[in-house]
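The following blocks contain the structures, represented as structure tokens.
Each of the next two complexes has chain A plus one more chain, namely chain B in the first and chain C in the second.
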Partner chain A sequence: MKKLLLVSLILASNAPAFAEETPITGNVQTRCLITTDTNGVFGNPSPTKLSTASTDGGVVPVVRYDVTLADAYLAKVTTPTAFSSSPALSDSVSWTGSTAVTKTTDAGMSIYETNKVTYGQTTQFDLTIAGSTWFSSESAALYGVNKSFPGGSYTAVILAECIAK
Partner chain B sequence: MITLSAPVYSHEMTPTYPIFTDSFMAGISVTTMNLFNKRTDVSYYEIGVFTKEWEPIPFVSQYTVIPMEYLDTVAFDVYVSNLSLGSVEYICSVSQLAVGSTVSSKICSRVK
Partner chain C sequence: MKKLAVVALLAIYATSAHSEYLYGITGNMAATGHTWGMNSVGPSNQRGMRINGVYYQYTPIKNTEDDMLVHVRNKRVGGDGYIFSSTDDWSGLPGGIAITKGFVIDNLPIELWGEGSIDIEGTGSVVDANVVYSYKYNEGCTTPMADPSCPGYADAVLAMMRDSTVEYYDPMGDSNISDVLDEKVDLDEEDKKENEEDEDRGRLERILSGVDESVLSTNILAQNLLMFAMTNNPSMNPYYDKKLVGGVYKETVVLHGGELPDNKKGARAGLAQQILHTQMISMQYDKTE
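Take a look at the complex of A and B:
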């Protein structure tokens, strides 16, 4: 009986380990991620107008902000005031633009739209809740006084900023 | 089944609240920032250091314009003279767009 116990102990002590502890480490920190959800496209509803509005045949650009800490960032979205590339234009272009919250991951974020501040072409939102917010920006350009835009390719840029508070 | 999906492009910079420490050079402070590029349409990010009133502050880094591949993460040091350190409020990265891109992204960390 003693021999059997001894053998059992020896076997047990030499048994290979089938379980190991593998640590998983990570680092959570405040961050802001700006994601281009949808690139905008200008529609050309009339010869004098380019517009991203869907009613004008355009595609509204959508930018998503992800923040991991509440009340740490301001989101600023600025609609274009000039073309970044276009055919040669001999007259002035007048721009209008607006930005709105179109989707959120938290119902409380609806207050962003109520509390937004607009100055010039820039709209500022206070990101007081952690999570994701989608902003849509409509932009329209009118050429001269009822002038037709020359044929060619037009590009304009939206600036999406995330500024730590 | 047909699915339609739009590509997503992201830009991220951390930490949100960087802290400057003494560098290996007397009179110069340094902080390390991390930049993540998930934008296929962006290969360069420009770095800037600003005051509270958005006046630019002289600084030194490995690059002022950082070349980045898609899905790259880059750590870079920002060196600032201790004479300017009290005025530093923001460290920003701005995407440099390729022709045809329509959204420029800018992220600013704040030195508290």
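Take a look at the complex of A and C:
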């Protein structure tokens, strides 16, 4: 019995490990690149309104999507629903916004605008063609009910996303 | 030989020439219409200008259901067709969205670029057209021979070779060089003679040294023999020179006459031994044992 125990101990010490972790590494090259082409500027056509529309004295922000793989990504652009920084506001702000294709590198991309889907403040585009597409987003904010915005600096952010299909 | 010399000089000149490209872009060539000439591209009187890029943008105006092709292109000078052409097919697509495209061109000489245009096939129009060319040129190409990359360089070189009045210079015909060469030949001959004399002298010295060596070896042999002889004489002479003292050695023993008696004891001992010997011999034949 003593001997048997000794042998079993030796066998156990020579046995291989029960588990081994082998790493697997890899890189995924991005095929959808989002670049801010033009920073937006709020115009202040009236005390109660801030707008990026050029007719309102603003600058429309433009974001560019560069896609190297066709029919693989969705572009989602969300116009702001709140100021990221602003003076203290005591009343609600009403937001409106829209996003449109303004420039492409391929004639076929013009169909993006026709086929876009809008829900809430978000506009979704199906990027079916490889190339670059410029999206312009207009955004406007109304303060309260005909209330004037307090003086100060206002900042809002447009969220641009590239979602793999 | 003459041509080779000229070409070599030109090659050296060309490699030492300062060559630096300058780059630029045009304004909107389609600003005033949908056709344009290429004469205004880049600085005037610049030879060697090359187009290395074309960029255009426009917005099509059309109904979605209409067919429309938009061609942006340049005619090829001295040939049929176009040196650059890009076509956008807007058939069945909505208008109103600008399109922008850029093309990298392989440095094609400006001389090949003819009239540019935006041509439309089908129903629709184009607004806000913008066509821009990028180019490069060598500022040093004020003359064709300023740089090998300048246009007309090869023709200019050939023309220069034809018109060249470069005198052929034969260095072997130059008296200064021939004098120096002759003087060198004389010096070489003198050196050769001196070398031969030195060689003879050396050979004689070697012969004489051989004689000396044989004489020397002979002397050494003689000396060895002499030394051998000298070393033998001292060892032999003492014996040769030894002289025995002469004289007569007289008999000094005197025997007196008389009668010598027999030795009886001796006789008895001898007989006893004889008897014993005989007994011992006889014992081996004794059969009783």
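To be clear about the criterion, the second predicted complex is superposed on the first by the 135 of 165 C-alpha atoms of A that agree within 3 Å, B and C clash if a C-alpha of one lies under 4 Å from a C-alpha of the other, contacts with A are read in each partner's own complex, and residues count from 1 in each chain.
The criterion applied here is as follows: a residue touches a chain if its C-beta (ideal position, glycine included) is under 8 Å from a C-beta of that chain, and two chains touch if they have at least 3 such contacts.
Since we're looking at a predicted model, the values are computed, not measured.
Peer 1: Quick check on the superposition: with chain A as the shared anchor, is it clash or fit for chain B versus chain C?
Peer 2: Taken together on chain A, chain C would fit alongside chain B, as the superposition shows.
Peer 1: I'd like to know which partner A:Glu113 touches here: chain B for first, chain C for second, both or neither.
Peer 2: Only chain C is touched by A:Glu113; chain B is not.
Peer 1: For A:Thr104, is the partner it touches chain B (first), chain C (second), both, or none of the two (neither)?
Peer 2: Once the two structures are laid over each other on A, A:Thr104 reaches chain C alone.
Peer 1: What is the contact status of A:Thr30 with respect to chain B (first) and chain C (second): first, second, both, or neither?
Peer 2: Only chain B is touched by A:Thr30; chain C is not.
Peer 1: Where does A:Ala130 make contact in the superposed view: on chain B (first), on chain C (second), on both, or on neither?
Peer 2: Neither: A:Ala130 stays clear of chain B and chain C.
Peer 1: Per the contact definition in the header, classify A:Leu69: touching chain B only (first), chain C only (second), both, or neither.
Peer 2: A:Leu69 contacts chain B only, not chain C.
Peer 1: Go through the superposed model and pick first if A:Ala53 touches only chain B, second if only chain C, both, or neither.
Peer 2: neither
Peer 1: Using the touch criterion from the header, give the chain among chain B and chain C with more contacted residues in chain A.
Peer 2: B
Peer 1: I want to verify one number: the closest Cα approach of chain B to chain C after the superposition, in Å.
Peer 2: After superposing on chain A, chain B and chain C come no closer than 11 Å at C-alpha.
Peer 1: So chain A touches chain B in one structure and chain C in the other; where do those two contact lists coincide?
Peer 2: none
Peer 1: For the complex, give me every residue of chain C touching chain A.
Peer 2: On the chain C side, the touching residues are 57, 60, 64, 70, 88-90, 93-101.
Peer 1: State the interface residues of chain A toward chain C in the complex, per the touch definition above.
Peer 2: By the definition above, chain A touches chain C via 101-111, 113-114.
Peer 1: Using the touch definition up top, name the residues of chain A that touch chain B in the complex.
Peer 2: Within the complex, chain A touches chain B at residues 29-40, 61, 63-64, 69, 72-73, 84-85, 155-165.
Peer 1: In their shared complex, at which residues does chain B touch chain A?
Peer 2: That would be residues 6, 8-17, 38-39, 90, 97, 99-110 of chain B.
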